[in-house]
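These notes open a run of structures that come right after.
The same chain A turns up in both complexes below, where it pairs with chain B and then with chain C.
So, the complex of A and B:
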């Protein structure tokens, strides 16, 4: 019975981590749009290449933040949450 | 030219000593890791290894691989700076003085371009932050634990930036600072407070997440390649079948992106965001107006 409970905890943590990373879609689309717009801008004004590149990298970094929040949640779910929940379960049983 | 040394050129022995001082901390780090950190069984992802815990009145202070490695990076950078700035002359003669001048000029140009002339004093801080962050991430090339893949390090830097932002927002007095939360309309105050707190959190998570995700993906790819080479090439006779052939060379491509490119890019982005946030936090117009008012008042009282 205990094995089943621990198995459910581990499985749910893995599922949660996997579904948290769905958030990776958003930054992907956003960064793609940003790079596309930057390419257009460079094509129109090749002399502004350096400043456009810098601004684009900054924008990409800011857009990436939501994806990284999801990554942090996923990492917590994989490495921290199972041990915490199993300890909780053990302390409630005993 | 009173300040130049009588020999004209700095002695080679001290140079060699400084270069040795630059490489020795890294070697010491590798030796420390080999001696103290237990070897990982197979493929596993672990956090920083705790060397020992200092007993302090408010709970123990664990001395981890992260701290030791960041001290080593600082030592290495210190010797690099000493090496670059040794034997400076009024007119650049040596290659290293050209390099040092180029670094200083680039940093000052970056700071004045993004923050304005008023913040020129920030150039050393930004340069130090860039160097520390970039070299901390590049430490993973030597196989050591990169300090920036620990959230405590990046969170510490982000808190430092947050203190700077608040200090520059307070430049026009605390009333002006508190009033800035109720802009543009009063009911947006909670949102403004949240965005104020979100700044350091997102800065810390961004840097940490990028470096950590790079190492996690590298480890996973290495594990996958090992499994793949066992399946495909495992039937080769003898020891040939045991060598993970696919792990040779292919992970290096990932390492170029995650360690070299991403590490330097994240350092640049962290420094850039610091400049933008601190420069944007300073209410320049109001501050200079206030200064002029004060000056006019002082003149008036002097005249009276």
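So, the complex of A and C:
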């Protein structure tokens, strides 16, 4: 019974980590769209290349933070949460 | 190998400098809290290098993508973002699993570039005001 409970905890943590990483897809799509629009803008006004690149770099870095939040949650669910939950289970049983 | 764009270099240096300053602040906070040991320093170094490297690689990808067509540029950026996220995952996983790294000290510096970008408009505004005052004096 205890093994089953631990298995469920580990499985749920892994499922949660996988679900959290879905959020990692969004920034890629957003950055892709931003760069495509920047290409168009630079094509129209080649002299604005420097300012467009700076603005886009900052925008891409901000967009990427969303993916980082997901990454951190996934890492915590994989490496920190299982041990914590198993300890909680053990202390509850004992 | 293609030449690195001046804008990418400038922004990467700005982010690296800001990450360095915030890392020192974080070390000070750990020290004041009485939780400082060598694992905090190792974790901070690993994560700060990963954060700056991630930004620099993003800059290189943007530079490369701007020379392509719209569709190709978008695809390049998407692929690059996924690969960089995978790279960060490996770095943070190593930081979380290895006992020589403090987990919190590995996670926090990943968000320093975001803080640097949030502060950027304030610094630009201050620089502009400074220039304006100098101009008035002349």
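We take it that the second predicted complex is superposed on the first by the 94 of 94 C-alpha atoms of A that agree within 3 Å, B and C clash if a C-alpha of one lies under 4 Å from a C-alpha of the other, contacts with A are read in each partner's own complex, and residues count from 1 in each chain.
One rule holds in what follows: a residue touches a chain if its C-beta (ideal position, glycine included) is under 8 Å from a C-beta of that chain, and two chains touch if they have at least 3 such contacts.
These figures come from a predicted structure and were not determined experimentally.
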Room on chain A for both chain B and chain C (clash or fit): clash
First, second, both or neither for A:32, with chain B first and chain C second: second
Which superposed partner A:42 touches (first chain B, second chain C, both, neither): second
Which of chain B and chain C A:57 touches, first, second, both or neither: both
Contact breadth on chain A, by residue count: chain C or chain B: C
Which of chain B and chain C A:19 touches, first, second, both or neither: neither
Partner chain in contact with A:79 - chain B first, chain C second, else both or neither: both
Which superposed partner A:87 touches (first chain B, second chain C, both, neither): neither
Touching partner for A:68 - first (chain B), second (chain C), both, neither: both
Stretch in clash, chain B with chain C, out of 183-191, 273-281 or 291-299: 273-281
Set of chain A residues, in rising order, touched by both chain B and chain C: 54, 57-58, 61, 64-65, 68, 71-72, 75, 79
Residue ranges of chain A touching chain C (in the complex, touch as defined): 24, 27-29, 31-36, 38-40, 42, 49-50, 53-54, 56-58, 60-62, 64-65, 67-68, 71-72, 74-76, 78-80
Parts of chain A lying in touch with chain B, wherever the complex brings them together: 54, 57-58, 61, 64-65, 68-69, 71-72, 75, 79
Chain A contact footprint on chain C (complex, rising order): 5-8, 11, 15, 54-55, 58-59, 62-63, 65-66, 68-71, 73-78, 81-82, 84-85, 88-89, 92-93, 96-97, 103, 107, 110-111, 113-114, 117, 120
Of chain B, residues touching chain A in the complex: 45, 47, 202, 205-206, 208-210, 212-213, 216, 265-266, 268-269, 272-273, 276
